[in-house]
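Next, two complexes with subunit A in common: one pairs it with subunit B, the other with subunit C.
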Partner chain A sequence: MSVPTADHTLDEILNLAALHFKVPREKLTPDDDFFKTLGIDSLQALDLLTRLEHHFRIELPDYELQGVSDFRTLANRIQARL
Partner chain B sequence: MLDLRQYACLGAALKDALERWPNETCLIEADREREKVRLTYSDFKEMAQPLCRALEDADFKAGDRAAIILTNQSKWLISAYSIFFSGGVLVPLDYKLTAGEQLQLLAHSRARFLVVEFYLWRAITQSPEFPKLAAEIVLVTEAPAGADLRGAYRWEEFRRKGEPRLVARLREDTACIVYSSGTGGRPKGCVLTHDSYLEQCTSLTAWYPFWPGVRYLSILPTNHAIDFMVGFIGPFVCGACVVHLRTLRPEFVRDAFVRYHITYVSLVPMVLKNLERGLRAKFDELKPGKRWMLDRLIGLNKMLTRRRPHVEISRRLLPQVHKAFGGELLALIVGGAFTDPSTLQFFYDLGIPVTCGYGLTEACTAVTLNDLKPFRADTVGKPLPGTEVRLLNPDGDGIGEVAVRSRAVMSHYLDDPELTAQTIVEGWLLTGDQGRFEAHGHLQLVGRKKNMIVTEGGKNIYPEDIESVFEDLAVKEYCVFAANYLWPQKTLGNEILVLVVRLEQNQQFDDRLREEMVAQNRRLADFKRVGGYLVWEKDFPRTASLKIKRGELAAEIGADAARGGVVEI
Partner chain C sequence: MSDFKGQTLSWQIVNGAIELALHRDPCNEIGSLTLDELEKFAAALPELANGAHALIVHSTLKAGFSAGADLRELFQRGQEMEKGAALRGVREFLERIHSVMNALDAAPLTTIAAVHGVTFGGGFELALVCDIIIADRMARFCFPELRLGLIPGFGGIPRLKRDLGNAVVRDLLLTGRSFNVMKAQQIGLVSQIAAEGEALRVARATASQVGKFDRRTVAAAKAFMKPIPYEELKREIDIFCDLYSRPAVEEGLRRFVENEGVQPYLP
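Our next item is the complex of A and B:
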């Protein structure tokens, strides 16, 4: 099975985030501050990380989220592990 | 517990603890649902001894400074124990700082020795400031095979055989240098003695005792003042057990409560609110009949625990709720930042004793704490045994600056006699926090004198620490203030930082400027960002050397502008 492209990964992450936090998908963009657009704190962001782990079937240490506040950077971190 | 009066230093007390309870479990380390490490006190001794011997051989001397930058795990405590055993001064650093910030504090503290986790070491070695690192010996934990450690040793291999000798210290010797905040601006390294810690431990355990079999869940980072005491020193000198989680995912935290039947846990308000959110969501999912029943039971529990907690009764009335917390929880200890009274009340009404306290790194751990006799949601409790609290220059409402005197208070700020002299005056620690005593002798915090905020996660953010991120902003001048400093209100909470900008003559505030502001703000870690901006129509008052007169500017803004004028970004 081939590794999905970075754009595809990013798109999936945006979809999952919208679903998980019950926010309209159109509201989310790759470069915005997701704490603001999702209205969450850092602990809730960790919950999202778990969801993404299950989806992509990888394990992500908590530190992958350290200093990250936009989807594009998160997608790059995940892409590097696919 | 050990009688701490007989000990001059932490190393001696901890050494005796390992010998007193050899077969009791002292440490459990879990990684998600997997248990990674489980040590008895005698196992802990076997793991620490070779490290202590290796330190001896590496010529580690009494008073040498050793830093630790690790997430919570058994290696943190083993390393700290070894450092105290070897007569060292511990410099516990926050793993959430950037590599640049960590290097700055390592330089400031002149740490000779460093224990650091691989992913953090990797970031440090890639930092442009890396060449400035002066630590002679670096131990890296969990480094993958074949990784280039840039001259560091593997923690797991830094061992020697043989019986190490305890290097005893005196009560007045420095035990730790703990940085309270201020990495961009002026690092504030609180110098805390063995006496501070031993005294603080004695007073805290007088109200909240530990004993063998007690399980403390360590969620807050161990470098933080609260968890260092309540999640390491306290449990160890009482033969209790500390549970470390390698991840803070809420689902694994919830799981740990149940799996390990947790007795105590310390939390910052953010974590408590997260737990509340989860519980409320579960309650909302109940069918109307069940929900009605739950509400009646909560009401009954509330009535029965009005004077003091009755955990046995509460566990019978609300078994599902208490099972979700492991069924043996005696208290949730909350501190580090302002806590919403309604959140505290929510947990207490469910029969989960929650105690709110107040402290600062400068005072070792805690100044006041609620003793649950009775529970109060609206105070930060009474001064701990051995701690005196005074209010300076109280106004008509009895509100004044909180000042503290106790053996737990720090000795001084490292290498900063000027700041020390401003902070410890005639033996009293001036906290910069505003408070009042209510009728029962409880302290209520109502504001802050200092120009700073404390986030929900318990982090102190000073404007001076973050201002430089806006240096290229195309405005005439700018300054950052805590909103509550500009417009003092008689409550805490609702704390944001405000970016005040003065435009050039004929400059308009346009979208491009706003975007620039947002982009620069984004360069800061999320919890450090400013919450809004204010356009100021006058030049900033300055000294002869052109420094902004912050106090004067703040007074002008407070008088002539309203908090409602701050635009959110």
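Our next item is the complex of A and C:
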């Protein structure tokens, strides 16, 4: 199975976040602060992390998210586990 | 008391299973009030167990099973009281919660934790005293205590060591990371994974199954295969109290309590 590209991974994250947190997809951009754009707190961020782990079939320790608040960097973290 | 409706939890018997429902907003943080009501439950349990074949512990709150100890209360008590009195208060709390946990651990009927969402710290420890953990796919587990300069204080380390390999226990405790239900099942912690929102339904089906077996046999089998590590549990209280008295812990608790940002549950 081939590994998806980083752009593809980023796109999937944005789609999943928009769907789950009921935010219009066109309002999300890669460099957005996802806490602010999605209006979420840390408990909801963990919820998002769980959904992303299931979607990409990876394990992503939450300390990897330290200092991460934009979708692009999040995508890089996930890409590194694919 | 076959049913009870409290401020933090309630119980009732449904189809032969005791259902203990946690419902203290925002996420079943375990403080003094919850402890009081858990003690009521532990006192009622022997009689309840006579008329039931299983116990299911679950949460009715969307956020999750339980976020663990009430850190705000722990911090406030530390600020309001003289250090010696605060430490004595912490030890007393731990001894009381251990007594409850031990009673649940030793219950003479099959116990099932039906978990979802955040299952952290003391909440994770509450799930660990149960014989079987059933988790929905959004459950997330964590022992974050090292982030605060503490160790789990409600019996988590001795029970984790009882159930899992030591390498896994070291990974979870020393990194303080949260992990999902796939990992939890892979390491042998979670017995069944349910769809989102379905953990209680699956737990009820499991309770119905275990209810087919002779109660005395179940009690004897449990007592034989599930030793309670009493000495280690007492030692955990001593280590916790020793760590609690350090300034780093007060600072860690203050950072958590005063965090106005969005990330208190992230490492």
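The rule we apply is simple: the second predicted complex is superposed on the first by the 82 of 82 C-alpha atoms of A that agree within 3 Å, B and C clash if a C-alpha of one lies under 4 Å from a C-alpha of the other, contacts with A are read in each partner's own complex, and residues count from 1 in each chain.
By our rule, a contact is a pair of C-beta atoms (placed from the backbone, for glycine too) under 8 Å apart; a residue touches a chain by one contact, two chains touch by 3 or more.
All of these numbers come straight from a predicted model, not from anything done at the bench.
Of the two partner chains placed around the shared chain by superposition, subunit C is the only one that A:I40 touches, whereas subunit B remains out of contact.
By the touch criterion stated above, A:T50 is placed in contact with subunit B and with subunit C alike.
By the touch criterion defined above, A:S2 lies against neither subunit B nor subunit C after alignment on the C-alpha atoms of chain A.
Contact with both subunit B and subunit C is seen for A:Q66 once the two complexes are overlaid on the shared chain. The residues of subunit A shared by its contacts with subunit B and with subunit C are 35, 41-43, 46-47, 49-50, 61-63, 66. Partner subunit A is touched in their complex by these residues of subunit C: 27, 63-64, 67, 117-118, 137-138, 140, 142, 175-180, 182-183, 262-267.
Touching subunit A in their complex are the following residues of subunit B: 71, 96, 98, 119, 246-251, 270-271, 274, 456-457, 522, 525-527. Residues of subunit A that touch subunit B in their complex: 33, 35, 41-44, 46-47, 49-50, 61-63, 66-67, 69-70.
Across the complex, subunit A meets subunit C through its residues 35, 40-43, 45-47, 49-51, 53-54, 59, 61-63, 65-66.
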